[in-house]
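The following pair of complexes shares a single chain, chain A, combined with chain B in the former and chain C in the latter.
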Partner chain A sequence: MPDNAPILAVRGFSVAFGANRAVNDVSFDINPGEIVGLTGDSGSGKSTLGLGLLGLVRAPGRILGGSIAIEGTDLLRLPEAERRARRGRQIGLIVQNPRGSLSPLHTVGQQIRSVLRAHLTITRPQAKLRSVDLLRQLGLNDPERRAQAYPHEISGGMAQRVLIAMAMGAGPRVLIADEPTSGLDVTIQAQFLDELSKVSRQAGSAVLLLTQDLGIIANYCDRVLVMEDGRLVAEDRTAHFFAAPQDRYSRRLLSLAQLSPPPPPKTAETLLAVHGLSKAFLLRGSGKRLQAVDRVDLAIGRGETLGLVGESGSGKTTVGRCLLRLIEPDSGKVMFEGRDLARTPLATLRQLRRRLQIVFQDPLDALDPRWTVGRIVSEALERPSVGRIAELLQLVGLDPSTASLRARGLSAGAQQRVSIARAIAADPALIVLDEPTSALTPLARVGIVTLLRSLQREFGMSYLFISHDLNTVEQLSHRVAVMYLGQVVEVGTREQVFNAPLHPYSRALLAAHLAPDTTDRRIDRAPGAALAGEIPSPVDLPVGCYLASRCPNVQEPCRTTPQDLQYLPDGRAVRCAPAAAL
Partner chain B sequence: MLAFVGRRLLTAAIQLVALALIVFFAIRLLPADPVARLAGQDASRESYLSSQHALGLDRPVMVQFGAYIGVLPGSSGLLEGDFGRSWVTGDPISQEIRRTLPITLELITISFVLAFVISVPLGMICALRPGGIADRMTFGYSLFAGSQPEFWWGLLFIFFFFSVLGWAPPPLGRLNPMVTPPPVVTGFITIDSLLAGDGEALWDGLHHLMLPVATKVFVLSGPIVKMVRQNMTRVMTSDYVLYQQASGISPGRIALTALKNALAPTLTLLGILYGYILGGAVLIETVFSLGGIGQYAVSAVLAFDYPAIQAVVLVIAAISLFVYLALDVAHAMLDPRLQG
Partner chain C sequence: MSESAEIDTALLQADFDAQLARPVSNTLFHVGAAIVALSLLLMVIGPWLTPYDIGRPSDEIMQPPPSLSQVPGLVRQMLAGAPHPAIHWLGTDSAGLDVFSRVLAAPRADVSIAVGANLFSLLVGSLLGLFAGTARPWVGGLTMRISDLVQAFPVFITGMILVTLAGRSNGTIVVTLALLYTPIYIRLTRSEVLTQRHRGFVDAARVLGKSEGWIALHHVLPNALAPAMIQASVTIGFAILMTAGLSFVGAGVRPPTPEWGLMIAAGADGIVQGEWWPSVFPGIAISITVFGYAAFGNGLERRHAR
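So, the complex of A and B:
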């Protein structure tokens, strides 16, 4: 076989579930050392293709035909025993949901060892050494101890690394990675992809990266494949793909990135001002306190969108719920239209809530399954009328006939539109949007972001947009607040925070952010401003700055002095004395 | 783990104390007159009263309870491990239980272990080849075996294996009357005959156990196979089994991994099943005249033998709680998520 021959060559490959062709006549090549991205909306058949490349299919699916040549041998023509020998040895798979992909009753070390012993002729002690070695190479601290841990005892990021160890342990030349970072936080995602690309480069293997996240593709992939309804609809070099997408789907996805930032609000009037908001939860059993929100100060102007970003567990959602007093804050003020919501009696607050609405992450959970859409939307109306309901549905881009349907029958995007229609029905001044796009497919996400922007332009309401997805935050927000361990560590305009973050945590977060933009690819540069170590437990917080143990420019006083939010002349605020002094 | 077991033992002790209380008083709420039953319907007033006095039923209820618990001076009761004497035979109840309980435990434990050993591989095969011959035959069998009562199967087995084929001994107890029972150490004939090195008694004991055990296993295996099959099917469609396939692990190894995951939840159900079987042992004991604790309990109830009823309820509850605990400990050892 010549050196430049494709390492993986797929021809006419099809998988069917009943009469439905989930993968339909797919053909492509991957060359040695290449990282190829495969994107497409949910349900386009990416995962079925990924599994199918190993000759596997979930019941009751069937492989209809085609060929999958790995290093020149067609996997589908081989007897099952031969195929099995090649899985893990020649072609490895990493999947999303890493913890679900590990047996809960076996240690991760056992599971790595069983792959090694299935493919390599090594003894038990050798396999043991080798598996610990693999974990060490993948950057796990204390790999001996980790190898003895059960899947529920390790974090999602670590579990994902265990899967790499299993997929790469026997040295396959082809690696299929199916949404390997979904569910991981931004900083962990970047670390993970850095390691994945490093490991595959070192091994000279080829990677097929299945992902909905165009940021990942822009930053790591050499080529892009686009899938729609089981077919490959486009194939392009990455730079060219982002500059001039060829197919309808990609054009629609990329349209967001080309949007200009939202126009500034008309007035500079402050609508909502939060001072010293705190909330702690008592943990059952242990009696320990978890400080979910810690002296948070925020302000939102009329007609303005404040993006609230941070990793999981940073307290974003709790802040949003405390504003509406869906969770009772322990202390602090929430000034809204001249009133302190934190001290308003509940009866009055109920009246005020029409001015303050919320949209939740999971749209189906937030809609009564037995009610029709019309009834859900009219609940917020004082005098419900068919005309007004139709008008509201049209405003959120739904057909008025949707009113007679129930939520279950709608797509997730349409469900989220119903949630939004309900929220705007009472003409609110502020809507708390709690990860409204996280449960949606990329296409539906584009639709919701566009909708939120046009509603704001038309009605001038303010948004508190809570999200871990920095791309959507950038497309919606006027100002951005960054949270870490229950505290706001930096607030500033979108440009200030995205282009020149001051706080070391914001810098690390933004450095790990993968923008769908090929001008400064992460794979081509040395990653900077990374944080060391693990995030401290919110139950047992450090005395001084919460970031001190991980900060690259930590100074001695940081470890002992708690940091306060300091307001700077350029309008931003930062919770870091050394950064503020610069 | 020790803390877990300690906590569970403490809870079990509290449950037993509460049970002792409830049984003692509830039994006295029954519209029954044990004195009349013992003295006879036509007894004179004097003999009725003297019977009543002999049973201690002329004392106030709280005094009776004190005597039962063993806090009254000069009497020994539950706290000293004394269940009292049977009103019918006059023998110490602990002695009667020591005679009858091992018979039942021996029967159902052997049946349980056998049923488990047969059902687990069977359930596994059914799950690995759903819709295959083994799966369909097992389905038919469990429907068939489960649809008819246990005592009926016992009678049928006696008819075929004793009357027709002559393979089994007559269903008249635990041992042939011609065989000398081994000296009692544990009360379990199998163990005692092994301890005594008495091959003849061991063989005869097992021979007599053959049919009752076969009946039990025949009826018990259906639900266990079903549980194993169901859990195994669920595990076989899990992401981790798929991932092991994708990693090129051999089918045998995958099946082992899956089995461990399927067995863990099955164990809890087995505990419940064991307690249930223990309570219903009387049917099979009666059919084979084994004289176990089930039969003892029924005769105690029919004779209004209060101390015996109280003792049997407590002993059976204690055994059930112990089996639950043992299986929970085994479950926790299989599943690390339950520890800590």
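So, the complex of A and C:
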């Protein structure tokens, strides 16, 4: 076979569920060493295609026809036994939910070894050496010990690397990765993708990366395939795709990336000021304290959006809930419209609360399944009327006839719109948006971001926008606060934080951020400002700066002196003495 | 063979099995629903459908049911309207009472006691469960310990004590069974309340300034009731069995009321002499009914989970 021939050649591939063609006449090639991104909205058929490339289909679907040639051999024409032998050896799969894909009864080393022994003729000791070697290549420190760990003993990021080791172990020529980083934090996501691209380039294998995240595509993929309703609607080189998308779906998605920054608020008046907010949870059994929120200071102006970012477990959600007293803070002040909400008796608070509303992450969970949409929205109205409900539904872009439906019958995006309608029905001055777009498809996310911006323009309310998705934060926020282990480590305007972060943690977070922009691709540059090691346990926090054990510019005093938020002349604040001194 | 591929095919197989299993469970659900409907119907009109007087003894003592080979001939005679000797389809008992008539009339006692006891327990249990789930932790804990205590008491002993104290009546059995089942509903409702109180729509209502009591009644309780309602269907079936059991040991329905447990007890002595029919047919009736309620409850649960 000539060297320049594609490793994977798919022709006319179709999968049907009854009369519905989930994958419809799909054809494409992947060349050696190439990473191809496959994107499309939820339900477009990406995952069915990914699984189908291994000759697998979920019941009651079936493969209608076509060919899947790996290095010239059509997988679909082989007998089942032969096809099974080639799965894993020639074509590997990495799925979502790494921990769920590992057996809880076996150590990760055993699981990697069983793959190696199934496909390669090697002895037990060789397999053992090889599996440890694979883990070392994937950047796990102390791989001998890690190989003896059970899946529940390792972090999600490590579990994902074990899955790569299993998928890559037998050296397959084609690797299919289906949303391999969904649910991972940005820093771990970047690490994982760095390793995946490095490993595949070294081996010269072909990678098909299924993802809804355009940032991943822009930063790692050579080419892009776009799926819509089971068909491939676009195929393009990555740079050209982002410069001039050819199809309707991609144009709508990319339109969000080109949104201008939100217009600045009309006044400089402060609406909400938080001082020294702290909250610790007592852990059951051990009697240990988990410091979820640690002396947090925040201020939000009238009509302003403050983006609150940080990785999972950084305490962002707890901050939002403490403001609304859905969680009782241990100490600190929450000044809102001239009152300290943290000290207001609950009876008085009930009246005040309407001025502060919240939209939750899980759109279905936020709506009573037994109630109609109309009743849900009217719950927030003091004098409910059919006309007002219709007006509110129209305001959030829903048809007034939606009022008679129940939440279960709506799409996730529409459910989130109902939550927003309920929140604005109470006429709030501030809405806490707790990851409102995380559970949505990319298109629905575009819709919600656009809606939130237009509602703010119209009614001038403030938002506290809590999210781990830096792209969305950039499109909504006037100012941004970064949290790490319960503390705010940096606050500044969007431009300050995104363009020139000061705190070493913000720098690492933003370095791992994958923007949907092909000008400075991560795959082409040396990864910088990465943090070493693992996040300390919030149960057992260090004495000095919480980042000291991982910080690239750590100085001796950092390890012993707790850091305070220092306010700088340019309006920003940073919890790092060396960075503030610069 | 790749392990990951192997796991995947296993998953696919499980998926496939689920698809296959669905029609079977649907059939069971419909059979169960039919049995439940029939038992409720017989509870209301059963005593009026009986071909013979259920209370008046006759001379035809211990007549066996017709053998299977005789049945077609008897049916033809009946359909032709020709004069025929009195047929006891399921035989007669030692007092000369028609077993078939009494089996038909028994749901009036058995089903109404079981349904009544469960409606009572469901009402009291779900309200107490709501209380235990929303009150301060120690109050909730105390409620649960008391309900444990009630549940730990052997039901037959409770039944006999109550019969001694209050006499043998249908009301006594309803109270006995209600005491037995209320803790089940308390526990189910409480655990569901504990989950529901932290749902997003509950927090949203708090933020809208609604009081905790209003939220408990409008959001938490209605959403917490489903498991208890599903449980009720299964429990009613077992309550029928328990009613028959209590009657069997003499702590239940007063004879000569037609009741399955009493019929089994009355016919039990004859079984050793080969006179099986006065006991076996009511036994079969109990089995079918309990199975029907269980299948119906099981189907409801599957539908709810989907």
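Some notes on this structure:
Everything that follows uses one rule, which is that the second predicted complex is superposed on the first by the 582 of 582 C-alpha atoms of A that agree within 3 Å, B and C clash if a C-alpha of one lies under 4 Å from a C-alpha of the other, contacts with A are read in each partner's own complex, and residues count from 1 in each chain.
By our rule, a contact is a pair of C-beta atoms (placed from the backbone, for glycine too) under 8 Å apart; a residue touches a chain by one contact, two chains touch by 3 or more.
Since the model is a prediction, treat every value here as computed from it, not as a measurement.
Of the two partner chains, both chain B and chain C are touched by A:Arg58.
Partner contacting the larger number of chain A residues, of chain B and chain C: C. When both complexes are overlaid on chain A, the residue A:Tyr150 reaches chain B alone and has no touch with chain C.
Contacts of A:Leu326 after superposition: chain C is touched, whereas chain B is not reached.
Once the two complexes are laid over each other on the shared chain, residue contacts for A:Asn97 go to chain B alone; chain C is not touched. Of the two partner chains, chain B and chain C are each touched by A:Arg87. In the superposed model, A:Thr493 lies in contact with neither chain B nor chain C. With both structures placed on the common chain, the touch criterion links A:Val115 to chain B and to chain C. Of the two partner chains, chain B is the only one that A:Leu105 touches; chain C does not reach it.
By the touch criterion stated above, A:Ala366 is placed in contact with chain C alone, chain B being left untouched. Across the two superposed structures, the residue set of chain A contacted by chain B and also by chain C is 51, 54, 56, 58-59, 84-85, 87-89, 92-93, 95, 101, 103, 114-115, 118-119, 163, 166-167, 170.
Within the complex, the chain A residues that touch chain C are 51, 54, 56-60, 84-85, 87-89, 92-93, 95, 101, 103, 111, 114-115, 118-119, 163, 166-167, 170, 324, 326, 350-351, 353-354, 356-358, 360, 362, 365-370, 376, 379-380, 419, 422, 426.
Interface residues of chain B facing chain A in the complex, by the touch rule stated above, are 237-240, 242-251, 253, 257, 260-261, 264, 334-337. Looking at the complex, you find that chain A touches chain B at residues 51, 54, 56, 58-59, 84-89, 92-93, 95, 97, 100-106, 114-115, 118-119, 150, 152-153, 163, 166-167, 170.
On the chain C side of its complex with chain A, the touching residues are 1-5, 7-9, 12, 15-16, 19, 199-201, 203-211, 219, 222-223.
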